[in-house]
Amino acid sequence: MSIAVIYGGTRANGNTEQLAEQALAGLEAERIYLKDYEIRSIEDHRHSEEGFQDRGDDYNAIIDRVLKHDILLFATPIYWYGMSGPMKNFVDRWSQTLRDAERPQFREQMKAKTGYVIAVGGDQPLLKGLPLVLQFQHIFGFFGTTYGGYILGEGNRPGDIMRDREAIRKAVLLNDQLKEQRS
Amino acid sequence: MSIAVIYGGTRANGNTEQLAEQALAGLEAERIYLKDYEIRSIEDHRHSEEGFQDRGDDYNAIIDRVLKHDILLFATPIYWYGMSGPMKNFVDRWSQTLRDAERPQFREQMKAKTGYVIAVGGDQPLLKGLPLVLQFQHIFGFFGTTYGGYILGEGNRPGDIMRDREAIRKAVLLNDQLKEQRS
Amino acid sequence: MSIAVIYGGTRANGNTEQLAEQALAGLEAERIYLKDYEIRSIEDHRHSEEGFQDRGDDYNAIIDRVLKHDILLFATPIYWYGMSGPMKNFVDRWSQTLRDAERPQFREQMKAKTGYVIAVGGDQPLLKGLPLVLQFQHIFGFFGTTYGGYILGEGNRPGDIMRDREAIRKAVLLNDQLKEQRS
Amino acid sequence: MSIAVIYGGTRANGNTEQLAEQALAGLEAERIYLKDYEIRSIEDHRHSEEGFQDRGDDYNAIIDRVLKHDILLFATPIYWYGMSGPMKNFVDRWSQTLRDAERPQFREQMKAKTGYVIAVGGDQPLLKGLPLVLQFQHIFGFFGTTYGGYILGEGNRPGDIMRDREAIRKAVLLNDQLKEQRS
């Protein structure tokens, strides 16, 4: 069982990252910081004659790295009660991969994975982060991906998250579970 | 009462646009197609020393156009059970405007507006589009913006939306309401 | 295709009933007013030795009437952002029927049906009624029942619903659809 | 700061009760088992001439006990993705209390309280229990009651909940918080 964490944050060492790293302590994981790559938004060509065009960015390299792993952690700050724009652009591009002749197994590969959501926000995330949790329920449901769980944490200023005892303990529990699955 | 419609779609004349135009028939409205502009994702500098930097893109010009209007229609295709990446990037940037010395009235201006959501998707949008509806509930709630209503329509192939009688009738009703408000 | 409407309201000719009757105009339907029957709350005996006991009330007669039909309309006023207590007690008892040796086909029968939700409330039902819509998504999902759709209407005082043009038009649309299915 | 826990379960010592008691360990709390009382469903007389009638049951005695406390734990098994029927009937009756001349401070009293939700279910409660969490968001929001938090646990057979480490730890954390508030 190998792990990838996809970071949607736009600052280094933000609260979301700190929380996710608690869940990953002592585990090998591929860390993908979306902010370090160029991932352009999708252009919907599902029904155009020419079909989807290569967008000449880093997306394909990233999705190939993601697909190698069994467990995916989507770790995003809660921006405006949803995932960050960079993460949304990344997810949106899956519509292109679904029609990508070079990645014909995409749907089956995603189905075989287990996904987790880790999200930190400043405005009552345990309540106002729920639309994001529900959205991922449908995203994972589309593929049949197992929804392993989610952690919603509270924080604004860098480091705040370490004071959210409930979130930290959930991350430690997730760490235990991931370690058990590895063995 | 003046109207702006913010289009989050990435193809011309898509289902979402067709639906929104039903709601706007015979009305003057400023049409903003996000796909035609460069709007970069936010870089979170809420807590960095230097603060937010100008991102050198079209965002500020767009938000200034939006803020002139009383009624805002957020019209987005449903991509992966949420608003499109381009629209999310646009919304994310509001965090920057909230701290923009040149736009000190942003919060109060947004509070005074009425927002509508128009969204079209292909996978049970009346159910699986609800996280998006709930997300906008929190977005509008943040400012105190009036949530005028939402229309969820179904469509995949271009033109599909015209066969969604319920969505079309809701758009016609909204058109009536907007015309009443104008007078 | 035969229709049953299960009314959860506690007053005669309430807004929810008026709205549902718009959807049923000109159609034969079995009308079940839960308020006219004694339906006791479930007593959870899933794991007790004696198992579920007959509660000596009207529940079994009612569920047998419901099960004869192909299309079920759950029509409830929105009380405290959910279905009415009487309707909840009725639904809760399904846990007993799932273990009822005299109704061994209950799960399969429910799966074959199409369910609709019609609900009227006074406090922003299009937004605050959504937890109820989501709850029925899970209820229907449990069985595999088709979720035909839902109508959320606004009203407090008797008759208010007739001024909710959007709800009324949705009911008329549903009426059209039900008529088409009948033929 | 005094505490009341309102139990909506219908069996003794069920999973929900066990979980809630973890949160209450070492604390004084008034325990109200709704199953031990007769609480009839509301009859909606908000708009009838005669108004609400006394229903001759235990409701008023119960609500008076509840209102004495500052912190309310609503502890319910998840039945069909919502609160139990007995708890729903209890909550529905608040509409009567809102118009009860003998309890004119009901709204203000509820506003001053902090509410928690503890709910245990057998079918993916962390995801499918969210409509219940959202419903209480609106219920508490109606009064302005502070939503202190919620714990969703997993369990079917009696005692299952003790194996849900995440839920148990959350209950222990809540216990800590309640103890801090007491002092």
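Letters are used for the chains, namely A, B, C and D, taken in the order the chains are written, and counting of residues starts over at 1 for each.
The rule is short, and it goes like this: a contact is a pair of C-beta atoms (placed from the backbone, for glycine too) under 8 Å apart; a residue touches a chain by one contact, two chains touch by 3 or more.
If you want to know which protein each chain is, UniProt gives these names: A, B, C, D = Flavodoxin family protein.
Remember, predicted model here, so these are calculated numbers, not experimental data.
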| item | value |
| --- | --- |
| Minimum number of chain-to-chain contact steps, subunit A to subunit C | 2 |
| Intercentroid distance (Cα basis), subunit D paired with subunit A, Å | 34 |
| Chain centre separation (subunit C, subunit D; CA means) in Å | 24 |
| Where subunit D touches two or more other chains at once, by residue number | 130, 134 |
| Pairs of chains found to touch, sorted by chain label | A-B, A-D, B-C, C-D |
| Touching residues (chain side subunit C, partner subunit B) in the complex | 124, 126-127, 130, 133-134, 137, 147, 149-150, 165-166, 169-170, 173 |
| Residues of subunit D that touch subunit C when the two form their complex | 9-11, 14, 35, 41-48, 77, 79-86, 88-89, 91-92, 94-95, 123, 128, 130-132, 134-135, 138-139, 142, 156-158 |
